[in-house]
Every structure is written in structure tokens, then in C-alpha cells.
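In what comes next, chain A is part of two complexes: it sits with chain B in the first one and with chain C in the second one.
Our next item is the complex of A and B:
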């Protein structure tokens, strides 16, 4: 087990296009790091550079205090789980799992012991004599993970390992992966475009866009304290609603004013800073769908909740089971999504008034799109 | 469930069981008759075409077991009235046909083996490795396919003769040890090979050679089989080059050896036919054995599956 250090790693294709830029990250021993981002953001490329499947254009990769830029893939002692499993179809499950150790000339008895150990962890002991062709997707993925954990590599790399599985199996494997990580205490680097996977699995999330790291932090921090508008919109499902408007100072502090003049009162802790620095300037207000209420919950006895109200016409409604999603439209605010308890009344076409939990909203600079109240955080 | 039960009772309401059974057998008989007629037509058309295509071959087999006096008559003798194996015996005794066949087997075998090794290795480099000028090099290889063999035959002859290789097995084998066609065939096959298997093997600590031996070859058996059949038959049928570079009788391959039957006794067509039939047999056997591989290998790159 080991730690990885990436210093200003860049990847350029065809001498003109950067796929990854200035990627700097320290991955501690035993961490479960998730690279997440939309397709084409460079997350898989970064993982493949760590594995040695792609050359590093510039920058340094240190594995266990050893510079690994020029070390061949087969000598890096990493193991990888691929999206399409990459099992050798002509070999049995047993041989697939034993392959890496056979190459390293590990004694047969030891291999046998380890295969059975790994198989019992993953519950695939009954499949050892079968060939990959006879297995289902979930079983194949288990075998792929099995052959990865066999030789106790320095780190596990996983490239969207669950995206070929159906939804139910994916949820199940997610739990198993998380347990496996705890059990092995191994360093894992996991690439996904699914923010749910990122939030549930990772001890740290690295959000990427256009080759740049946007934010690298714990799931809770990424959710509660996004660095910029992109991270705020990408993490959380359904994604955050954004409204354009201006900061208007008042005698009590400050208000957020929509383009049509409707105002929302800003709580004291943020009001003064905004009133000072963004007086009459454009900002973007970000509200997550779960931070709306249909009825007032008086959290702050001093606050006047009638001044924190937004209304809109219901254009669609989805039943999710315990909750309902409402899609509302307001001419000045555009369409926005709201998550409310399932018993909330309201039909398509009706007007609906909602209270906004102003303590949990985010303000973004209209020009830079950075979170105005972003609290540092580790990189 | 309710819906299904409902529909069954509806059916039973309109027809009773006997009527339903009758209807079944009636419909079944009609469908069966139609199917049989279609099949009979198909088979007879196929037989006619097969006979047409096979006629030269079948006729040469028939001539080869015909005494020569039966052939040179005014009547049309398609089938010998006094079949004899005399022609075969004479063909094998007049010229050293066994030696020729062994020569051809040796030459074609070495060429096949050589081509499989060189072509698969070259194709591996062209499809799995990344190096500068890969595409240009591949195009160059492909370009050699456009140069007809006859165009370089003289310069090749001069080269081997200056190396003092004339009239040896080496000269028969050496120029055919690799082929652009084979490289192309293997490369097309490898292109459909999932690259993640190669990457996974690398992460497992597997070098290139081990990957080829342990993973690539076992998984591309059908391509190798197709290539082997194709190359063997081509090498077996080589004529121009062996004719040019071999002089002595011991070095001759079958295709040239057969023409010696012609010069020994110009009149005996039956004798020549016996020789021809004898040397067709090995290549037919190879084809029949490898036919399944040949077809699956030739088309394996065509559709994903």
C-alpha cells in the first residue's frame, strides 16, 4: 500500500490539445479517491497516465517516493479494473485470477490459497472453473475485481467499473466496493461520471472539467461548500437551480433581487459581506432542489419568512416514492426544480409559493462563477 | 393471469376441442407441404449448379482412370467402361512424383509457418504498439501488394543467383517468408481485438511476447487457421518461381513435376490427369480440414460478433 503524488501533470494530444492540465494531487495511503466529471474532462486520461497506459506530457508522478513517469506499466505494480471487465475469455475464472501471480512466479500453493481467499471475499467460489463467457455482468465484474485484489498492488485503479451493470446491481456493487475498501485498507482511485457513485464511495472527490481540477475535497465539503458554479451544478441530483440577480443593501443587511425586482432576504452572516463587496453588483444565486419548503419551518425566530418566498407555475411533477419532484416555471427566474415531501399538494398548471432556506443557498460571482463564500479547502 | 384465462375460455366457446385439433392438423399439413416443395426445388437447383461447376474436376478424375485407347475415340466417353489404376502406377513410376510431393509439402509447410510467425508479429506491432511513422510504414507494406510478383521476378532471380542459392530449398522458401496480404489479414483481425485486454495484461505484469503467446494466439486461432490454409494452398500452387530457380529433378515441386509427365510422353493425357488428380488431393484435404476456419477467419473482421 502506498501514497501517490501527482505534480503539475499535463497531457497533450497531437501537440495542440490539452486533455489534462496542471493536475496536482496527493493521494494518501488508504484513501478512496474519486475522479468525477462530465465526459471529456480528462478523468480517464489521468487514471491511464497513473497506470502508464498513456505517456505523461509534462509533470511528475511519484508512487511511494519514486518517480514513475518512465517506469513501464508492467513494473508499476498497480492493478486496474476496466469498464468492460477485460477478462481473458479463453481462461477459466481461476486462471484469470491467478494470471498475474503466475507471471510473478509465485509458488502454486500460495496462488491457490490466495485465489480461494479472494473468491470467498467476493462470493465467487462456485464460479472458479467456469469461463468468463458463461458469467453474468455482475459476476464478471466480481472476477475482474478479484483478479485485481489478488496480488496486493500498490493501488487499485478503477475505470468506470460499474457503468455496464444495471441499476440494482450497481447499487449492490457500490456497497460491496465500499466494504472491500474498508477491509483491504487499500489506496483506490476510481473514475466515474456518476455523481451518486462519487458521493457514496469516496473519501475524497476530485471534480474535473476541461482537464482542470475544479475541487478536491470530501463528499460533504463538495456538497456543502462547492468551489464554483460548475461543482455546485455537477454534484447533487437533481442539480442545483441557478438564478441571476443583484445584491441590494437594506437597513438590515442585504437582499437578493431577481431581474423583475422580487427580493429575497439574505441572512445576517452573509448579508454584510455581500453588501460590502457586491453592492448593486450581479451575482448568481444557487439553491438546491431540497432547500425549498412548501410550509414555513421557523428555524430562525427573528427571520421574516415572508421575505424569503419564491413562487412559480408547476409545469411537471414526478413521484419518486418518499418525495416528489416539482418543476416550476417563473418568467424572470426560468425553470427550476424543487424536491418536496410526497404529500405536498399541487397540480400541473397551478401556482405554488415556496419558501427558500436562505441559510443554505450559495452565491456565485457572476463573472468568475466562483463561490463567494468558498472556504479554502485542501487541494 | 385473469386476461389469459379469459381468452382461453373465449376460444373454447367458439370451437370445441375436436374441431381445434382438426384445424391444427390441416394447417400443419399445408405448411409442411409448402416447406418440402421449397426445399426440393432448392436442392435440385443446387445439384445442377454443383454438377456444372464440378464437371472439369469430375471429368479429369474419370479420364485419370481411363485406359488411353478409350479416350481417343470418336464417341464421347464420360465414364470409363474399363476403369484402371494403371495410369496412377505409371505416373508414380515414370517421374519421382513422391519426391515432388514431399518437396512441395516441405516448401509449403515452411512458408506457411514462416508467414504465420512474421505476419502475426508485424501485425501485432501495427495494431498494438505506438511508434513514430507507424501509419506510413503500414502504407508502405500495403503498397507492396500493388506490385505484381512478375515485375520483380527477374531482379529476385539475379539476387538469389548472386547469393549462390539457386536450386536449393532455401531459395524456394526464402522469398515467400512474409507477405503483405498476411500482415493485412492479421492486422484487420487484431483491430477487432479489445485493446483493454492488452492493457489489462500489461498491468498484470505481462510483457509483449508473453501476451502474444499466452493471450493473443489462443484467442486468434481462427485467424491463424484461415491464414494457414490460404498460405499453404498458395505455396502448393506456386509455379513460376520454382520453375525459374530449380534445375535438378530432386528440387522440383509438384506443379513443375506434373509438366514433366507431359514431356516424357506427349500423347498420354490419361497419365497426366492421373498425376494432376494425385496432387490435387493434398490441397483438397487441407482445404476441407481448414474450411471452417478459413471462412470464419476471412469474415471475422467484417462484422462485430
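Our next item is the complex of A and C:
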């Protein structure tokens, strides 16, 4: 097991288009790092560069304090699970799993022991004699993971391994992967476009967009303290609601003013900074669906909650079980999603007034889209 | 009524088969039956059956040294041609499976033998192999009369045929390689396999279905080679390149022994059919996935 260091890694295709730009990241031993982002953001390319399947255009890749830019894939001592599993179709499951060891001329007895060990961890012992063509998606996926854990590589690379599975199986495999990580204590790098996977699996999330790292931090930090509007919108489901407006100073501090003049009072801790730097300037207000309340929750007795209300017409309502999603519309604010307890009353077409938990909202600069109150964070 | 229409439906299928069947009948079944018929007769110079001799033509063949020589020559010829042409095709296809500048030029030249007429190629080889002006002797500094020496004549014809047949093999193997999922090579690299290991553990097994098909086609094709032998060596020197197909031709159109030629054709047919059947039996065991 080992640590990886990427220094200003860039990938350029056809000498004109950057797929990955200035990717710098230090991955510690035993970390479970998730690269997440929309398709085309460069996450898979980065993983493939680490594996050596793509050349690094510029920058440095260090594995265990050894510069690996020009080390051949086969000599990097990594193991990888591919999106389509890449099982060897003409080999049995047993040979598929044993392949990496057979190549290394490990004694047969040892291989046999390891294959059975890995197979029992993953519950695929009864499949060892089958060929991949006869397996279901979930079984193939287990075989792929089984082949990867046969060795003790410097790091495990996983390229969207769960994307071909159905929702239930995916949830199950997520738990198993997480357990596997704990059991092996291995460094894992995992690529996904699914923010739920990223949040549940990772010890650290690297959010990428257009080839750039947007934020690299723990799941909680990425959720509570997003670096910019993109990260805020990408992480969390359903995603954060954004409203355009201006900061208006008041005698008490500052208000957020929607385009039609409706105001929300900003709590003291943020009000002064905003009043100073963004006086009468455009900002974007970000509110997560769960930070709306149908009834006032009096946290701060001094605050005037009537000044923290937003209303809208219900356009749709979804039952999620314990909770309900409401989709509201307001001419000046557009459509926004709200997550409320399931017993909340309100039918489609009705008006609904909601209190906004202004202590937990985010403010983004209208021009740079950066989180105005972003607290540094590790890289 | 319903039963009647269903019967009609079943019958109409045969109706659709008739045109194709007619063509087959005229150009395949009739000559085939006629060949078997002729093989039981002595014929005149025009190839008309005259005297029924039963299996005499066959017994005569099976007791003649010349026929056994033809069989042996054919076997050697087929082995060299099949191995040679499949190797050339495979190597070419593997070399051209990765994209590189100028790949089209290379692929075209590997596939080109397919488009060359066998007699034309034989003419060119005749010049290349010419003992006094041929480029082969000039380049190697040897002084061998390639075509006129019984030791080399068969090998020369076989190598030429292997090259001629390699074009189509190149196409088959290229198609076969295209069917192998690229990502298993990537996984093998990450797993630590080098190029040779990847070739033997992934590429060859991956090609096994098409490999079998190619083998069958190649064997049949090699058995039936004719044009290049006629041009290059005409069965000689002696009988060293007198493969069965050429021997049939010689018996029929030089010696006017159509009966004997027909009998040889039937034997050749039986050999090829037996081989094909055996190989299909083996395929069920040998070809994986």
C-alpha cells in the first residue's frame, strides 16, 4: 500500500483540447478517494493516466516516491476494475481471477488458495468454473473486483464499476465495497458520476468539471462548505436551489433582495461581511431543499422569522416515503424544490409559504460563482 | 380450410427455394452426379462414357504409384500452404491491429494477394525464381534452379500459394481481432502482462472461433490450387508437384482418360469431406466460448 502524488497533471488531446488541467492531488495511504463529476469532466482520463493507459501530457505522477510518468502500465503494480468489467471471455472465472498471479509465476497452490479466499469474500465460489458469458451483471462485477483483490497492489483503481448494475444491487455493492476497503485497508481511487456513490463511499471527494478540480475534501465538507456554485449544485440530491438577487444593507445588517423586491433577512454572522463587500451587488443565494420549513423552528429568539419567508405555488409533489418533495414556482424566483415531512399539507396549485433556514444558506458571487464564505479546506 | 392454408404455407417455402436450387442443380449437382457416373466408365476422347467398367478405375488408381505420389505431394503442399498462409495472415493482422501513420498502405498491401490472379502471380514468380536472371538468386547469391529442381519445386509452388491465400486470411484475422474487446488488453496491462503473454493468453484464444473457420477454408482452398501449379511447374519436374487437382487435369485433358480423372475427383471429394467433418467434430471441443 502506498501514497500517490499528482503534480499539475495535464492531459491534452490532439494538441488543442485539454481533458484534464492542472490536476494536483496527494492521496495518502489507505484513503478512499472518489473522482466525481459530470461526463466529460476528465475523471476517467485522470484515472487512466494513473494506470498508465493514457500518456500524461505534462505534470508529474509519483507513486510511492517514484516518478511514474514513463513507467509501463504492467510495472506500476496497480489493479483496476473497469466499467465494462473487462473479463477475459475465453477464460473461466477461476482463470480470470488467477490471471494476474499466473502472469507473475506465483506457485499454483498459492494461487488456488487466494482465488478461493477472494471468491468466498465475494460469495462467488460456486461460479469459479463458469465463463463470463454465463454470468449476470452483478456476478461479473464481483468477479472483476475479485480479480482486482487477488494481489496486494499499490492502489486499486475503479472506473465506474457500479454503473451497469440496477439500483438495488448498486446499493448492496456500495456497502460491500465500503467493507472491502475497511478490510483491505488499501488505497482506492474510484471514479463515478453518481454523487450518492461519492458521498457514501469516499473518505475524500474530488469534484471535477471541465478538466479542473473544483474541490477536494471530505464528503461532509463538500456538502456543507462547497467551494463554488457548481459543487453546491452537483453534490446533493435533489440539488441546491439557486436564486438571483442583490445584497441590501439595513440598519440591522443586510437583506437578500429577490429581483421583485422581496427580502430575506441575513443572519448577523454573515450580514456584515456581505454588507461591506457586496453592498448593492448581485449575488446568488443557494438553499438546499431540506433547509426550508413549513413551520417556524425558533432557533434564535431574537430573529424575526417573518422576514425569512418565501412562498410559491405548488406545481408538483412527490412522495419519497418518510418525506415529500414539493416543487414550487414563483415568478421572480423560478422553480425550486423543497423537502418537507411527509405529513405536510399542500396540494398542487395551492400557494405555500415556507421559512428559509437562513443560517444554512450559501451565498455565491454572481460573477465568479465562488462561495463567498468558503472556508479554505485541504487540497 | 385452415389446415389447407397451413399446408400451402409450408409448401410455399419450397417454392422460394426453387430458383437457387435450379442454379445449384445445373452447375453443381448435375456435374457431381455425372462425375460419379463417368468414374465407372471408360470414355472416348470426347469424354463420352463408352464401356462400363465398374470400380476398375478406382482399383487401378489405388494400385498405382503415381496416384500415391500425388496424394503425398498434395498433403505436403497443403500443410505448407495452410501453415504459411495462416501465419502470414495472422502476423499481418496483428501488426495492423494498432493504428499508426500509414496503416492503410500496410493493410492494403497485406490484403492485396487476395486480388491478384494466381496465374499472374505465378508468371511473376517464374521470373523471380529464374536461375539466371531471377532476383532471388541474385539477392541470395545462390545458384539454384528453383523450379526445375525436384527438391525445391514443391516448396516454391507452396510458398507462392501460401502468399496468395494469405490476403483473405489477413481479412479474416483483422475482423477477428476487431471483435476482441480492447479493454481486456488494458486490464491485462494493469494485471502485469507483457506483449507476448497478451498475445498467447488473449489474442490467440480470442481468435479461436475465426481461426477454425479460416483453417477449414484454407485447407479446402489449398487442396484445390491449380492455376499457379499449371503455370509455374506444370506438375513437374518429374511428378514432384503433381498434386491431385493437377493430376486430374492431366488425366482428363492430356491423356483423355476422363474415367480415371473422374475417379480421382471423387476421391478428392471424399478426402475433403472427411477432413471437414472431422474438423467440425473437433471444433465442438476445441473452440472455447
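Here, the second predicted complex is superposed on the first by the 379 of 379 C-alpha atoms of A that agree within 3 Å, B and C clash if a C-alpha of one lies under 4 Å from a C-alpha of the other, contacts with A are read in each partner's own complex, and residues count from 1 in each chain.
In the analysis below, a contact is a pair of C-beta atoms (placed from the backbone, for glycine too) under 8 Å apart; a residue touches a chain by one contact, two chains touch by 3 or more.
None of the values given here were measured: they were computed from a predicted structure.
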{"item": "Chain A as common anchor, with chain B and chain C clashing or fitting", "value": "clash"}
{"item": "Which of chain B and chain C A:104 touches, first, second, both or neither", "value": "both"}
{"item": "Contacts of A:133 with chain B and chain C, given as first, second, both or neither", "value": "second"}
{"item": "Partner chain(s) touched by A:354 [first = chain B, second = chain C, both, neither]", "value": "neither"}
{"item": "Which of chain B and chain C A:285 touches, first, second, both or neither", "value": "neither"}
{"item": "Chain B versus chain C as contact partner of A:145, first or second or both or neither", "value": "neither"}
{"item": "Touched partner set for A:74, first chain B, second chain C, both or neither", "value": "both"}
{"item": "Touching both chain B and chain C, residues of chain A", "value": "51-53, 72-80, 82, 84, 86, 88-90, 99-100, 103-104, 147"}
{"item": "In the complex, chain B residues that touch chain A", "value": "194, 196-197, 199-207, 210, 215, 218-219"}
{"item": "Touching residues on chain A, where the partner in the complex is chain B", "value": "51-53, 72-80, 82-84, 86, 88-90, 99-100, 103-104, 147"}
{"item": "Interfacial residue positions of chain C with respect to chain A in the complex", "value": "181, 183-184, 186-194, 197, 201-202, 205-206, 208, 288-289"}
{"item": "Residues of chain A touching chain C in the complex", "value": "51-53, 72-80, 82, 84, 86-91, 99-100, 103-104, 131, 133, 147, 157"}
